[in-house]
Amino acid sequence: MSVLIIIDQAPYGNWSGREALDMALSLAAFDQPVSLLFVGAGINWLRKQQNPAPIQQKGVNRNLAGATVFGIEELLADQDALQRYGLGAEDLLDGVAITHYDQDLLANYLHVVCQ
Amino acid sequence: MSVLIIIDQAPYGNWSGREALDMALSLAAFDQPVSLLFVGAGINWLRKQQNPAPIQQKGVNRNLAGATVFGIEELLADQDALQRYGLGAEDLLDGVAITHYDQDLLANYLHVVCQ
Amino acid sequence: MMTLHILNKSPEHPRFRLCLEAVGDADQLLLIENAVLALSVEGIKLPGRIMALASDLDARGVSVDGSVDAIHYDGMVALAAAADRVISW
Amino acid sequence: MMTLHILNKSPEHPRFRLCLEAVGDADQLLLIENAVLALSVEGIKLPGRIMALASDLDARGVSVDGSVDAIHYDGMVALAAAADRVISW
Amino acid sequence: MTASQFVQFTLVVTGAPYTSQAPQTALHFARAAIAAGHTIDRVFLYGDGVQLATNLACAPSDEPNWHRSWSEFLSAANIPAVACIASALRRGVINDEERARYERDANNLASPFQLLGLGEWVESVASTSKVIYFHAGG
Amino acid sequence: MTASQFVQFTLVVTGAPYTSQAPQTALHFARAAIAAGHTIDRVFLYGDGVQLATNLACAPSDEPNWHRSWSEFLSAANIPAVACIASALRRGVINDEERARYERDANNLASPFQLLGLGEWVESVASTSKVIYFHAGG
């Protein structure tokens, strides 16, 4: 039962991305296979240069950069979203795989969460 | 100080349209000039045939149809939104004026709320 | 694998497009809450087999033709029970 | 009448377009929260004089060129105090 | 599906009452599932959905009380109901234990909800349950 | 604007804490406004914004507590703070009077917030105040 968690909300402006990330970390903590897919405005979670200290929020970079250490199988970035936001592979956190959001991608997962 | 309240959220799926309507009714109750503008998915508040009883919500048709009685000056419907949703004047509650959403329209109001 | 997609966002919401791109030809698409409004939007092409919750259609005054199945909550449960996978958008 | 438009929605949000259509040439547009992400989207044309909250830019790792004024909360207050009208989108 | 193929559902509600329609749709679904002979092994509130677990909401008398309807349904059908503790603490929904820990004057967790971690949700995902999500619309 | 042109602001917050960034942005704005010599005649919480007025929220110790920061700021600056009573009742934020009226076991309205009607907001709109809204983002 491999799980895919889709994040399509931009970081910091609301809490849904953070709570989706918590879901992924929980699955990983219980040794359940889980991947994260970033699409649309959600792609901005993957930027290298985030510094949320001035708005007094916790950065998720550290969690995301260490995602595979925590047991998350894949960090997936949708190519169209990267292009829309002018992001190249060099702008992203380490360990992110670039993919293409479509039915075939989703077909690899038995449980899909889009919170 | 004429107030315009813009409703761009569809009815029933969330509460923001209802609470925007309550704002308009409060202004009217205190004899403050207020108009309501429906744009985007918000245009669907103005349909004649709504029956929210099966989802156990209150219909706002009655409030909206009686809006001018309650002292709301105008119920404005954006033409582009009507067209998008395939709605003609005959599909709308009584008392709705069809308009075009743009800067010139907004310039008529000193206080604009888009909740 | 037959997937039931449950969509509750209005057609203006970015999640709406995300869902449509995920629906395969053999999938089922169930429109609930504000998503039923899509059935009155001119020119939206919805993929797969289309269903909509009757109570949400009634609430919003949206009428449908024969190409859409209006179902009730028991039908929604039956679809969810029968599907290999259910995705809520 | 000079209007300050305060926009806090990401460019995918339907409110984003609604705001842009409302901004006149003499108006000011202040991007805050998720709206600052628009400054990195290719091909978005923003109207009026553009400003963005520096802390929201920093948080999201968005850098800007000289065409955008990065301001702080005291600048936001000064803009709101000086404007004839403020609309929050 | 034949009539004998009963399913075990877990329902996850992430939208708040009187903000989104999610708790209403989920309750209609839950009632229909039980009526059809299926079982619901757990209702899990997450994110803004934890607001459904407050016992201090006071709906106007001419509107349905979704908090009470949910509590009554869960108790009558004997369905375990969990609000994610991390989501709930941030949003001000606490039980007596957390009231004591955080030194507050009151607690407001409605019966029969419990405050527990995401592990409860993971258990449903890892089991044979069908997990159905009810998010805020828009 | 010259330095002597001070403005009277009313701030309306409609987005909830730990759900939207609205209460955070509004607090930064409020502090900067006071620091610049302007006045804030009222803070009005509406819709989901009333969640800012609960005194039961327990932020994790490594995160800022926006509820407490707001309460402390409002008290220190002596700014009248109102949560819309209709929004608050539906969402489970009540004072002692409503606790008694609705026969609940507890109340959870944080100091210095009061529960009052939309008339308070109307008063700001009809006055010379500049009303600034802080909505949920997305």
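Going by the order they are written in, the chains are A, B, C, D, E and F; count residues from 1 in each one.
Just so it is clear, contacts are C-beta pairs under 8 Å (C-beta built on N, C-alpha and C of every residue); 3 or more make two chains touch, one makes a residue touch a chain.
It should be emphasised that the depicted structure is a prediction, and the values quoted were computed from it without experimental measurement.
Chemist: Between subunit A and subunit B, how many steps is the shortest route if every step has to go to a touching chain?
Modeler: 2
Chemist: Common contacts of subunit C and subunit E?
Modeler: A, B
Chemist: Using C-alpha centroids, which chain lies at the maximum separation from subunit F?
Modeler: Result for max centroid distance from subunit F is chain C.
Chemist: Same or different for subunit E and subunit F, when you check if over half of the residue numbers at their contact belong to both copies?
Modeler: Counting shared over all numbers used gives more than one half: same.
Chemist: Please flag the chain sitting at the greatest distance from subunit E, going by CA centroids.
Modeler: D
Chemist: Take the average of all CA coordinates in subunit B, do the same for subunit E, and state the distance between these two points in whole angstrom.
Modeler: Taking the mean C-alpha position of each chain, the two centres sit 33 Å apart.
Chemist: At what distance in angstrom does the C-alpha mean of subunit D lie from that of subunit A?
Modeler: Computed value for the inter-centroid distance: 26 Å.
Chemist: Can you give the whole-Å distance between the Cα centres of subunit C and subunit F?
Modeler: 38
Chemist: Hey, what residues on subunit A touch two or more of the other chains?
Modeler: Only 9, 12-15, 40-41, 55, 57, 111, 114 qualify.
Chemist: Which residue numbers or ranges of subunit D touch two or more of the other chains?
Modeler: Each of 8, 10, 12-15, 33-34, 55, 88-89 in subunit D touches at least two other chains.
Chemist: Give me the residue numbers in subunit E that touch at least two other chains, ranges are fine.
Modeler: Answer for subunit E, listing residues that touch two or more other chains: 18-19, 21, 47, 86, 131, 133, 135, 137-138.
Chemist: Mind giving me all the chain pairs that touch?
Modeler: Touching chain pairs, listed by label, are A-C, A-D, A-E, A-F, B-C, B-D, B-E, B-F, C-D, C-E, D-F, E-F.
Chemist: Applying the document's contact rule, which stretches of subunit A touch subunit E when the two form their complex?
Modeler: So the residues of subunit A touching subunit E come out as 1, 3, 15-16, 19, 22-23, 26-27, 29-30, 32, 111, 113-115.
Chemist: Can you list the subunit A residues touching subunit F in their complex?
Modeler: Contact set of subunit A toward subunit F: 9, 12-15, 55-58.
Chemist: Using the touch rule from the top, collect the residues of subunit C that touch subunit A in their complex.
Modeler: Per the stated touch rule, the residues are 1, 14-15, 18, 21-24, 85, 87-89.
Chemist: Under the stated contact criterion, what part of subunit F meets subunit A in this complex?
Modeler: 18-21, 24, 62-64, 136-138
Chemist: In the complex formed with subunit E, which residues of subunit C make contact?
Modeler: So the residues of subunit C touching subunit E come out as 6, 8-10, 13, 15, 32-35, 53, 55, 72-74, 76-78, 80-82, 86, 88-89.
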